[in-house]
């Protein structure tokens, strides 16, 4: 419960091949820096990147990150990577601002910086590959609640940390959309599971008991989602209280099949990685320029570049019992 | 020592908390269809259920602290054991084996901690600090995907409710009872207190402090193994960051329960009441609708206030005691 | 009677620091040999910034642990300081210098409050700082409202975070003198001596007229101040103020201090040791990153190395210690690393 | 006599920097009380620690019941029937008195061998009855007074039903009454065939109890004598290696102005209505039985125990000290009785311990002047004959008496205007005792006001200009040097008669 306990020396590093020494042909050295290692979501994105890298053949891709998803540790990782002078960085940022100085330094050192999944301030990167807009996700989740329990649903949110950038924005957008589209819908409480499944479970347990009127839970985090689903199962509330999440298919497959939740949302993470790699590679070869208004991305086709150099992958995807077995990430 | 221990105080505070919660929130009394209020113990049961692993871990930690040592590796050990439990259950092993495997792993970790402390002659805080990092690295390394699923049969054990109470609570209660009795009535238990109170004096009366430290760390490993089996059997998936901050939670519960952090004084009962206190306060914050942003601050203030109150009380009583009988 | 040694106070406890110095030196050489990137100016500059942030807090932490206390609220003090700094500057638009002064005042007050609760209420150190760990961070979260402030534009903050004087990061200009002064104070002054006496036997120290409570209050206040200063450098480096700053800092600091040879049972240790501990932990991480070890493996290596270092240090030291420790009578067959009788927790004060 | 219960043959033991024992032999027979005497640091405690399995001898042989044994540790010695009261209190401060009595050999019962708390309580009550004491069974031992801790240790050793009982200065913090009870018990044990090895610096105890006496000097065996064959003077000469002149070097000084006035001091439950004066150049003795509350009064004056009633006046300035440093600033210093808890900082060096209370005076701008410190340490080392191979040696490795000397030296070094000494010569050998007394006399001569708390009647009678007697937290009366007799002091202390118009208060 106290957030202070992290392994003191959990830190950064690379996974892939040993450092480039004598490559015959010039290869682009690209580091993929996720929020943290050991999370399947980023592994899936990496899979997409590898797929694209294979298509190019001239990319040496590394996967490096800290054990904990914290901006401080991510900065340490980044600084050590910059020391190695790679060609490009693909980053999912733990903090939109804290990473700015270090990424700027990277750019000053001539390194191409692209963010995906979680952005930093535009000045610190060239493109941001956006999986889905905040508005789109807020809308999808709230609509799901309205569809399942009606436009007057009493809902509650169980998020990660109050300081988590993406989650805070999603929550914001949900509230905004809710008041516009379903003025009678009511947000009863917001709780934070701190990216810890036991904590998420406890918070969910207490929340549904403390607010017996709650009908629908929204959990915009793949870490918290199974914990909340477990809480519903343990409390015997499955069916009475419904829920939806942002989560990955592999993690939630069993719950969906059991009927603990009907559907959840995400985007195709593999495609997200694929797109990020295409954009990065294009920047390195000069095929894509920072000022371009559209980019081409292999099997995905073409994507538009929005304001602030944001490239959108597409709308969020709804996973349910019928389609979940088509995905493996 | 009765008037000095924290047990009576915590008992009263916990009872008060429960009564207030029951009277003012849907904690135990929920509205029924007719508009009245009916007794419903499910929230309390779920609360105990969610903290069952904490109870078990805290009991183990109590012995370690009583003996004058500390174990910071419990969080990482919990994670490793839980991951093992999940994987074993996935491999289709029978449920009892899935329970046994994490216990074995935990005991092995305890054995290593204990052996280094006893034969390396260094304080457990140093060993377990290193172990905490090492094991967490191992867990992330073993579970690169971030999580492993538990089998349905295994999870079913955690959700089963023989005689209306979940298996987790049965296990925790039985474990705590046995350890509480052992601490008071076995030679080992008393030697733990003696070594924690004064290892030199213990050596003079023929107790081997290092042997005691070895055994409590070993035992704590066992306790963590058990805790993680209980923990894991309640989740559908086990994430590799599980148990982060567990050590601090256990230590908090132990010292709130009145055990001296320098060893030699305290009780298992106090620790149990300490865990219950922490759990109730955490939940109360939600029932009382404290905004989540201020939760931490209120929680901390509550801890400080409660312990401060108890210390003021025991000082006042000590004074009265002296004045009264002298 | 044999010749009387007159070793300086530094030399008296030297063995432990000596061995650690050897280990750290060996480690640095090993890293430098394994990766040429380690000894580059940029790398050393960047790494030294973390060193400063952890090291500044490690100084008062060493003193606190010396007197048998502990302060695990430091990370939360960092968070609160950062939030106060950022929000007073951006929301209330007060000048950065004033915001810094305000932030440092708040940090010092946090330390002072810890000290007051410990000395006045007589609540054990661990309980107080466990509570304030939650309280201070809670207030930071509450004040920050989950938001953040971007500090990167401010020149003072940028200077703290990235500035250099004579090619040496600003932080080091504060940290190294602080280490030197604190180290000498502990070794050579009456005040420093008192810390050791309190750590070993608080009652006896009190009977000798040492103002135990005032000292305790002071070291906790210092801890608050140092956390505040550390927070400034951290905020400068991150260019951001938000409530998650300093999460887990207490563990890093305590690790460095105990690896540096300070005994958590009090009375033994030194600033020099803690300094080496900080260097070791920081260099180890940085080195492993540069070598390219994946982070889970890294964590395992660091954990194992910590244990190994302490094992080697303590056991070599025992071999060559003479009477570094009291040879309180102990069974011939049981060497005792543990301290003598713990004073009763109910010891009347 | 048949085979000795315990025999030590040609024992050697060295510690870093010192040869503690060099070829010492000793045997102990059934039903015998064998006294062991020698100066501080002579090696007495080391010898019995070897017999108790605490230390391993470098060379030599231990025979128990005639059979040579190699002791594996203290528990081994215990199982062979050896019980020891160590000079340092080996207690468990956080554990109850009851538990302290039994740690290491809890009575157990049932098939599971569970600790039998009821039997423990019963046996404890039994041994307390035998000793004529009562200690609160559920109180943590760390809260007991030094005297109570010593009684606890004695009770503990009696509970072990040993054949050999070794006592290292068991009476050092006991007063006459407790000592007599202990002697009664030793007498009974002797009849039961128990052999008692008895260490004491109080020669009158040695002569009252012992059958034979062994003298150690500098770790060497000097000789073993039947008690009838030696006189106290001869014994001292053998211990010290020279003749001692005067035992209590007292020269009365004309008392000067009032230095300390104590008015109506009270802390209900501990002491009440304490009023007296101390004049410059005076040594005032404070007598009483153990637990009379003398230490408490002294500690209240020194600001350790918060006062609830009354005040003190130092050189005419009224104050209520709330902390020792406040009392020190006013010119008061207190040398505590409980050297382990309140006196030494065991792991720190002799030097650091000795100067602990005057660090500020030794410091220039906060930095300690090492030269001045060393000079001071050397001076007191010589003066009090502190036996230490190197001032950097941790105090905890000194012999008990030498630790006490360091504590006394620390107090003397503060050069206060009012000095309170609580059992200052406890555990100190006759030679140094005289030296400390000489120092006190000298300091009084220089105008210091001295209050000496002591449970040793000869010391009280020999050193004091006036004697205050306390009983049960009250001041029972005051005797002038000329009129004081041992009987009068004891009578006041035990509340038997009244003297000089002072009426004994009701026992509480």
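Order of writing sets the chain letters: A, B, C and D. Residues in each chain are counted from 1.
By definition in this document, contacts are C-beta pairs under 8 Å (C-beta built on N, C-alpha and C of every residue); 3 or more make two chains touch, one makes a residue touch a chain.
The chain list, named the UniProt way, goes like this: B = Autoinducer 2 import system permease protein LsrC; C = Autoinducer 2 import system permease protein LsrD; D = Rhamnose transport system ATP-binding protein.
This is a predicted model, so every value here is computed, not measured.
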Look at all chain centres (mean of CA atoms) and spot the one farthest from the centre of chain B.
D
Just how far, in Å, is the C-alpha centre of chain D from the one of chain C?
42
Provide the C-alpha centroid distance between chain A and chain D, rounded to the nearest whole angstrom.
72
Could you put a whole-Å number on the gap between the CA centroids of chain A and chain B?
34
Separation of the C-alpha centres, chain A versus chain C, in whole Å, is 35
Identify all positions of chain D at which a residue touches two or more other chains, and write them in rising order.
54, 73-74, 86, 91, 93-94, 140
By the touch rule stated above, which residues of chain B touch at least two different other chains?
4, 129, 132-133, 136-137, 140, 197-198, 200-201, 203-204, 206, 248, 252, 260, 263-265, 293, 299
What positions in chain C touch 2 or more of the other chains?
72, 130, 133-134, 137, 141, 145-146, 251, 254-255, 294-299, 302-303, 306, 328-331, 334, 340-342, 344-346
Chain pairs that touch, all of them, please.
A-B, A-C, B-C, B-D, C-D
With touch defined as at the start, can you tell me which chain C residues reach chain B in the complex?
68, 72, 117, 121-124, 126-128, 130-139, 141-142, 145-146, 251, 254-255, 258-259, 263-265, 294-307, 310-311, 314-315, 318, 328-331, 334-338, 340-342, 344-346
In the complex, chain D residues that touch chain B
54, 73-76, 78, 86, 90-96, 99, 103-106, 108, 112-115, 138, 140, 268-270, 473, 508
Tell me, which parts of chain C touch chain D in their complex?
1-2, 4-7, 12, 185, 188-191, 193-194, 196-197, 200-201, 203-211, 267-268, 322-323, 325-334, 339-348
What residues on chain D touch chain C, complex-wise?
15-17, 49, 53-56, 72-74, 86, 88, 91, 93-94, 140-143, 302, 304-305, 323-325, 327-328, 333-334, 336, 340-349, 352, 356-357, 359-360, 362-363, 366-368, 370, 374, 389-397, 410, 414
Interfacial residue positions of chain C with respect to chain A in the complex:
37, 40, 42-43, 46, 50, 72, 75-76, 130, 133-134, 137, 141, 144-148, 150, 152, 161-162, 234, 237-240, 242-245, 247-252, 254-255, 281, 284-286, 288-290, 292-299, 302-303, 306
